[in-house]
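Consider the two complexes below, in which chain A is the common component and chain B and chain C are the respective partners.
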Partner chain A sequence: MTPHRFLLGKPWIWSFAATVIVWIITVLFTGGASSFGLSQAALTFAAFSVIVGIGQMFVITLGPGNIDLSVPATMTLSGTLALKLMDVQDGMILVGLLASIGIGLIVGLGNYVLIKLLRIPPIIATLSMSFIIQSVAIWSNRGLRIKPPEMLANFTTSDLFGIPNVALVAFLLSVLAWVLLEKSIYGRWISAIGQSMFAARMASIPVDGTRLVTYMLCAVLAALCGYLLASFSGGAALNMGSEYLLLSIAVVVIGGTAVAGGNSNIPGIWGASLFLFLVVSMLNTYGFGAGFRLILTGLIIIVVILLAGGRQSFR
Partner chain B sequence: MTEVLKRDEVVAARGVRVTFGAVKALDGADLVIHSGECVGLVGHNGAGKSTIVNVINGGLTPHEGTITYGGQDERGISAARANGVRCVFQELSLCPNLTVTENARIMHPDLKGWNWRSGALALVEAHLQEIFPGHSIDGDSTVDDLSIAERQMVEIAISFAGTDKKPKLVILDEPTSSLDAGLAAQLMAYIRKFVSEGGSVLLISHILGEILSTSDRIVVMKDGRVTADRAAGEFSTRSLVEAMGNVVREQEWARAAATKTGEPVLSMPPRRGHGLAFEAYRGEMIGLAGLGGHGQTEALLDLYLDRNSNWWPTRRREIAFVAGDRSLNGTFPLWSILKNLSVASLGQLSTNRMVDRMREETLGESWKKRIEIRTPDMDNRILSLSGGNQQKVLFARALATTADIVLMDDPMRGVDIGTKQEVYDILRSEAANGRTFIWYSTEMDEIRLCDRVYVFREGAIMEELIGEDITEKNILAASFSEGAAA
Partner chain C sequence: MKISSGTIRLLIPAASLALLLAAVFYMQPRAMSYNGLNLLFNLAVPIALATIAQMLIMSVNDLDLSMGTFVSFCACVAATMLQTSPMLGILIFVGAIAAYAAIGVVIHVRELPSIVVTLGMSFVWGGLAVLLLPSPGGTAPAWARWVMTAKPPLVPMAIVASIVIAGVTHFIVMRSSFGVLMRGVGGNNRSVQRAGWSVIGVRAGTYALAGFFAILSGIALVGLTTSADANIALRYTLLSIAGVILGGGQFVGGKVSPIGAVIGALTLTLAGSFLSFMRISPDWQIGAQGAILIVVLALRLALNRLEKREKSL
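What follows is the complex of A and B.
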């Protein structure tokens, strides 16, 4: 009982162990010169995948078939529209943030309307939604590259006691998500729905309401991430979200959240996000190309799912 | 006498025992079918009818006893088919995406060659015409496009059809469940003709009129045994119903004296536009009886879902549900016992939508004591419990809520007798405190615990029994239609 309970209870340990190993290997190769810079870069870029990853995790917890593929498009649209609205004025920072959140709410609502009313599987509903969002982003962008407001750009690129501000934001959001997941009624509900939709319905859980809120939450987090990423990188680009499609799902899976739903894991998302960034920088340091990096990322995901599957059979 | 009959045996199952875990589905049953006779098989739910059919058609290998086809000891589905045994199941077994002729090809592998379609078409049409003269089924239409009755007709026709060799024994499990009276009469006439030509038929039906008029011999099963096996002429509807049940046992429970007081707490108009309306009053224990699958679970689900929003959390719980059916399982397998128990009462256990762990544990401990969940630790996983104890957790989940009405969907299936007694006591005391229980059960002993019983047949409520009228005999009589009105 105890050993397998331990494995089931702390699947995130593996992603942190892997992170430490990769960090050491990379630092050794560069002779220890880059250890601070590498850690800071890892925290910064991990922060963005943590924010989208948390949203994706809530959706995946809802059970088999639940996934949000509109995440990259939502990030792009949110970044584009927020920067256009703020128009380099510091006074508009809050308005831009609220606009991003609003975009997230609308996208999430749209996703669930497609899923529920038209009875389209989530994978197709969110994918078709992402074409609509991406088209809106293209139409409103028109090749303009607007800089973020000075204050916002400074905030996203600077750090507090050596820890990047975006990482602090991501950490704050993780804590909130953890409380929501572990302590609130809502967290119990999504876990119940992920295990058995019928049983959840019969335990008087408002299944559709909960799922709607979850899809909206995921889209809001993606929009927030787009807002921060656009400000961090000095402007929105139409392809800024594309790598987060795979990344948002990968960090959830590698982090130890059950792909079949019902069981989720927030510390693991941090471990997985840091790990994936470090793998990429390690391969860069060793001089491997982009193609090889993608192959390796794919292999890592396959191996993790295989191991996770093996763990389930202990039950 | 035995010498003569043995030669004519088509199928003989003797001393057959089949057990599923602790459940004895067949407990030494004998069933011998001779050529040129129609045997009617009747019995209440779980009497072992389907199990013995599955033994005869080769789908199940008995754990004890012998099964012989025409005197030869053979086993398996192919052996049964080779000996001319055909089966028409209650749940239709045609492929809905194929045409009628293509389905005939599946059942008759000897329809071969480049022109098998015309052969199959001729075969199906000839038999449909023979059994149901004047039908209007096109052999080239897809099964999906046919009505339920037409599908049943096609399946019956395909089963009676034979290319090289004619079937020796056709098993018909509720063949008229979707046929109207006219078509049913045509089928019964055909059965008589088939039998007079030397074939045999095993007829299972809940319409006793059909059984009495069509069979030569009637076999009654109860609790996995054959309790009566006599010529059809010796039975009347009444004696048949009596043979299916046992003699009315004495009442173990003092029922609530006054029922139907005040306004009904729950009501539902007659289902499917006929039968009786449903009403429940405060503090009542209401049983939903009848044969399995006649709409009781659907009625419970409708009652529940109508009063439970799928979009907004309900402020005050007025209704709770205890699932029992294994396929509609109510447990959350990844969770601990405590989380499984508390999931329906989270609202009353939280402040500002945050679950209070202390209050949750107190609730868990009190129910662990009250309903005797046998576990050292409520934080153990739910799957570490035995089936009966899991079921107790589901009971506790419903009873721990503030709901005044508790719906129960055959919750005691597969639960041992000791657990049952414990739960019955709790239900009684909760009912005395003013809770209303609506209880679908396939077990007669449980139905007899209720204050009032609605008997379901074909999706609607056909009979209401109150107090002393709740006897096995009355329930059986109401569950089986007498044929005339069907």
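What follows is the complex of A and C.
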């Protein structure tokens, strides 16, 4: 299609290549002692950004201007309410999970109602929504830190054959998302809408229904991630989602999904999530302070975008 | 009845600000004084400046997600370098403006999404701010303090400053030829190019100007708070975007309004005070702010429909 794409082949390869390089550098520095622990930590933390990243990717695929800023607030609310509902009882784990999913469905519905009925740009609609969700979370949390049920806590912190359970969950969700995106009519629809909403409408694709489902899917994934993260870290905190706002956008973009919409990429999200976590831990092992770490993270994001993201070959 | 569509677009933001102000006065009549108004709108000045900066970026169809961290960084520079060695401080600010212009050029040349580049930059500015001020501190330069706490006769400083900001930026964006070009790039950058203008130059200039206003915002903020920390203005990113939209600006098409943006920033600030006067529990304050945002935007939709109906008649 374009010489650019022909040369680079699959865009997600680059994020994996970068991940491997950073991994090797970090392990070399520590003399190989940390390689197993490092990989496990990377998989665990990448899993959380993968789960929110997939949701964000579906929304971004819908086209320019589509971004969900309510992800952090949804994570917090879902984590808080689910833990409150489960109240440390193992028997309530499933109920808590269902409650989380329910919260996601409601938030997604609310987001799209604002976007559609009030014609508010998605950025502002999801932002206003996130303010409201955040208030509900603050109100229901009341500064209490409720522990997760023991079984759930054990599940999220342990591993199967050396692979953290959270990473397995994220992997399962990625496979589902991949099938949804590549093999189902729904996936074709969101790509079509992202490429041209007008053309999609002319082709009698149910544009509104598809967009509604996409926003709900994103919110459900965020809620799910909040549920897992709260269980993993032994309780919900009001700021637990905050770093995932920029992270969820960053992994999607570094992973090779076109920000202009209409073209998405799931393996890339894994590559980007692992890469971002490993960069931070590499800079940590090298003893950089918080300031330098942030600066280098930012510069790396920009360099990756510069190398992989140029779209001038389209014209 | 000859009202330009620009005026109509300003009507809703102005009306919602007036309505909120009336509600505040009704609940707290003592706010209707020189000091009361000053207190109500004091924090609006840095927000208005940041909103103007965001509006400039939005006028060329881009979005700056690093606004909050950049203003924080500027506040840190203002509270440290600018205070101890003014020359060095000014040099850093000039460098920051150059960096903004460079971002504009890079985004244009490589056709990168501005959201991602500024996202990356937000980490960079945040990191620089942490390096400058690892813990809250610093002192505001005496002159910044003086400007922000000045008490002009009759009208409080916050109002004077807002009017000056609105007036100056209205002139730059709506009346100067650079402003017309800038909005032209947002509207249709190809036709600007075909008309023989350098789109790169316009975009670089727009970004530089935005950087300049964001720096003013940082200095104004430090002038109010007397000290700074690396996270002082993080919420400005979202506040500034919301302010532009509240003021009738749009994400694409170069449709922006500087006066509207300042009014939007004032409305957002006032909404905060209004909620505390309402004795809404602190738990719900953020949520109520979101609700106010939604209501105002719904009103705007209603007005837009009215405008369209009149046109079709």
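The criterion applied here is as follows: the second predicted complex is superposed on the first by the 300 of 315 C-alpha atoms of A that agree within 3 Å, B and C clash if a C-alpha of one lies under 4 Å from a C-alpha of the other, contacts with A are read in each partner's own complex, and residues count from 1 in each chain.
Methods note: a residue touches a chain if its C-beta (ideal position, glycine included) is under 8 Å from a C-beta of that chain, and two chains touch if they have at least 3 such contacts.
As the structure is a computational prediction, the values presented were derived from the model and not from experiment.
By the document's definition of touching, neither partner reaches A:99: not chain B, not chain C. Note on chain A: of its two partners chain C and chain B, the one contacting more of its residues is C.
Once the two complexes are overlaid on the shared chain, A:253 sits against chain C while remaining clear of chain B. In the superposed model, A:134 makes contact with chain C only, not with chain B. Once the two complexes are laid over each other on the shared chain, residue contacts for A:18 go to neither chain B nor chain C.
Using the contact criterion defined above for the overlaid structures, shared-chain residue A:42 touches neither chain B nor chain C, since it reaches no partner. When the two structures are aligned on the shared chain, A:290 is found in touch with chain C, with no touch to chain B. Chain A residues in contact with chain B (one complex) as well as with chain C (other complex) do not exist. Here chain A touches chain C in the complex through residues 64-65, 67, 69, 114, 118-121, 123-124, 127-136, 138-139, 246, 249-250, 253, 259-260, 289-302, 305-306, 309-312, going by the rule given at the top. Across the complex, chain C meets chain A through its residues 63, 65, 106, 109-113, 115-117, 119-131, 134, 238, 241-242, 245, 251-252, 281, 283-291, 293-294, 297-298, 301.
Chain B makes touch with chain A in their complex at residues 304-305, 308-314, 317, 319-321, 323, 328-335, 339, 343-344, 346-347, 350, 353-355, 383, 397, 401.
By the touch criterion stated above, chain A contacts chain B in their complex at residues 179, 183-186, 188, 191-192, 195-196, 198-209, 212, 258, 262-263, 315.
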